[in-house]
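The following block contains the structure, expressed as structure tokens.
We call the chains A, B, C, D and E, going by the order they appear; numbering starts again at 1 in every chain.
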């Protein structure tokens, strides 16, 4: 991560969003909205005093509510860039006009409450979209009690807990601060499930196994249960990892949990969470009392995937992820020339696959840059100046603003680089002056005739 | 100029031939006006398939080509290159999509074959009117935009930047790292994720 | 024999046509009655095309985009 | 133990009944069993029943008591990750068991259902009192004694009607005609 | 005034849940709903018929659906079992063409035809969605302030997904209780099975399930429980004493139909609501509001 910040060829724009794209392959114009951090990045030294002294706290999004952050914050200690932002909804200065502690205490004078949003414009030849995934929120699956039982957590929350720089300093603990001794990890929560996502999220088996291993390391006497449907350990070194865990004494139960309850039916179950599942290999319904349950939740498309897809003119597959041009032959390109996808925005995948796909996208881009030119569509519209009556209908109707009006000649003119050949102008032109090349009226009429034999 | 049309019907293994009576379609194509030659082949997009078309263009002096196979969204560029390599304008091609929109969506063999015939007939009529179009080029801007700075974005940005090209890396959150930054050790090597 | 309508469909290359391809790759089944004409945008469809389709004996015309 | 398993025909038979088609889609995750309030009482768990059906074990499946313990609470159905209508599948197995004469499980439920149906067929409506009396007569009149306190309480609170609701003669004829026709058409398939 | 084709079902018409039917009609009247009883309706067949003769069971429902279609009204039933059976028939007739053909043939033998236009609604659905919580709140004459009510949904109102509410964590009766001024008790067994008709054939088994539900509601401090299902009411009410005997418990929780509770809040009389039909007496819990 640090190498990104220091790289001379990378201009990093964090806390920023693409808002508009125009142009075409080889020549895109992109507008990027830079949200105000209220901290001048050129002055900030990253000393952290502001964060220490800020009196306003809220739940940390980055830690999925497990920890807290200040109103002026960096999401995590190793953040790049190491420049905090102010959350105006929590900040006392922004909500009531008082406080301003950070401004008073900042020696570098970097706090700037007056900072405004900026829009930058850049020109690029190609675009790689790597907007990632969301982790499914299991609140709707009330049978698992997420949100109702304190010690039912999601996989990504477990990651934060387990992370040495996370909210618990790497300690696995229950809500009351005590150490869990029996833990169940439930696979396929929201994956392989027609009620949520039909697809397999591909990473859950392995991260669930990893959790078992980390638990063993941190709580040596922990009793761990993995409730799975199928273990899909397909990657290089993955099956071996599974075998290792079997030796470490993890309990594997082949069955998906049906529900979690806190209603005890025996003294052993008092005060525990009871996971109810069928052990399908022995054909018994089984109640397993545990202290903590980890839900291995599905990876799903970002909540705003639809807007992003529209912004970049890319399609989405049935599962909602961005659609590659061809699943086997062109897995990084999209149907829009010059726009590529990589990582989990295209579908759930693990780190090795993500890195591979990102490298592939980079290679495609570098090859295009090397070639130096891009072929542009020849099948575009042309205007017969002699027939054009200058009504300007086409100018207003063109969705790509590729048509302008030549006031001198009193005729419409098409910018060949901008025209995408949609043919809307040709269909609309009242004087029949526009021809849509390769989709001429003659050709389409002939096709209709041929089709109706 | 007299139109000499060649029609090439692909089996796509059993993908098309399993549902569409390919030979019947070829027979039908031969009966269409201006069609000089019509053939079928196992995989039209394969090297021998492409050779077949090239040879016919030379031998019969074909000047319009219809390929009845998969979606033009998939292989139109492939077959356009075939025409170009046989010195024919690549726009003298029309494809009939008898796989995605015919053999894969219809179960009844007779109905599928009838639809394939109609699609070939439409393509033949259409290609008759095709004009030569010239290829155009535009300059390629050497800068790249990468949207999202998780593992994928960081990896792609670094590789492009390492090759000496400029990259704009845009991230919505205050820090780069994405979901990856949340993770502890990652399998199977259990090394740190940052 | 029951009535089998002939339908001409004008499909936009970027959405509806791609959708029809997707139906194929997903092996969905539908009636064989539609004849597809690919256009680069449903905006390309002139009223004349629709009339032409009816003139050629179509029972229905579908414009999708 | 090695058995000679013929799979396809029994699966086809189940699949032909509305709701039964799900038998092919099961991934044996056991969610149905885990969700079933009565799974403990069944000689085979709901998911095992599907596995057995797919293995062609027709006799074993249809003589199981499992489906007769189904409460039609539909928890399995809404939770099934494969969208199998497990409750309806249980009904389908019950119907097949009845058709094959294998429904004499170790539970009284088939007999109870039968007396219910007899009343509905003849009256078009269900007189609860008559139905329960008839059921105990058919099975074990002694059990009725145990039920007496409940019956007395219901009666005291005006909840046991001696007189049954009846359809009009035309309505009864119409309903009979429909049900007779349905019977002559056989099961759904 | 909103009109619906009313399908009371056997229990709520003249059976053991007569009080349900009476209170449903009384409360509907207050809310300006006209329930027009379908003439000559027949039993939906419930689970027993679906378990014996699937085709005949679909025909039983289809006759009722056809009769309602003839009235040009959507069917409303207060019974969860009727609701699920009728809904299932409607859904399956659309989904399975061969079933539709067979059912049509059978209906034709009785001179009937069903085109599939009748919608099936549960009375609770009509109250909360067509009338709305605000209008219900406005009709309250005696607020149920301070009354802790356990909303027990049972199964077939919310499952499978024909329902209008979450299949495992429904909220509509909770909100209904709130709009009557009462306090809904959130208890985990609110949508779990009471054992249904198996109370007759597998009594011991079902008493266990009843016990779990009553326990859960009482644990959360419920003073009474409401239900939208005649069978649930009978099991929890009439068999509460049996459950006490078997489980050595001392449950004493009044079990009401949700319409009865609404009626109390609307100021209707005990007589109109048939409160005396409750076997576990409800008068004590409701004394403040009667």
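Here is the rule we use: a residue touches a chain if its C-beta (ideal position, glycine included) is under 8 Å from a C-beta of that chain, and two chains touch if they have at least 3 such contacts.
Nothing here was measured: the structure is a model prediction, and the numbers come from that model.
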item: Chains touching both chain B and chain E; value: A
item: Shared interface partners, meaning chains that touch chain B and chain D; value: A
item: Far-end chain from chain E, centres as C-alpha averages; value: B
item: Selected interface, A-B versus A-E, where C-beta contact pairs are more numerous; value: A-B
item: Core chain by centroid distance, with centroids computed from Cα atoms only; value: A
item: Whole-Å gap separating chain A and chain C, where each centre is the average of the chain's CA atoms; value: 35
item: Between chain C and chain B, distance of the C-alpha-averaged centres to the nearest whole Å; value: 21
item: Mean-CA-position distance for chain D and chain C (Å); value: 48
item: Per-residue multi-chain contacts in chain A, two or more chains; value: 143, 335, 379, 444, 447-449, 451-452
item: In chain B, residues with contacts to at least two other chains; value: 73, 118-119, 122
item: Per-residue overlap in chain D, given as positions that touch at least 2 other chains; value: 75, 78
item: Listing of all chain pairs that touch each other, if any do; value: A-B, A-C, A-D, A-E, B-C, D-E
item: Contact footprint of chain A on chain C as seen in their complex; value: 6, 8, 14-15, 18, 22, 26, 35, 37, 39-41, 43-46, 48-49, 52-53, 56-58
item: Sites on chain B touched by chain A in the complex; value: 73-74, 91, 117-119, 121-126, 128-131, 133-190, 193-194
item: Of all residues in chain B, those that touch chain C in their complex; value: 71-73, 97, 99-102, 104-108, 111-112, 114-115, 118-119, 122
item: Complex interface listing, chain E residues touching chain A; value: 166, 168-169, 188, 212, 216
item: Residue ranges of chain A touching chain B (in the complex, touch as defined); value: 1, 3-4, 7-18, 24, 26-28, 30, 32, 37, 62, 73-76, 78-81, 83-85, 122-133, 135, 156, 159-160, 162-164, 166, 170, 206-207, 209-210, 213-214, 235-238, 240-241, 312, 326, 329, 335, 342-345, 351, 354-355, 357-359, 361-363, 365-366, 368-369, 371-379, 416-417, 437-438, 440, 442-444, 446-453
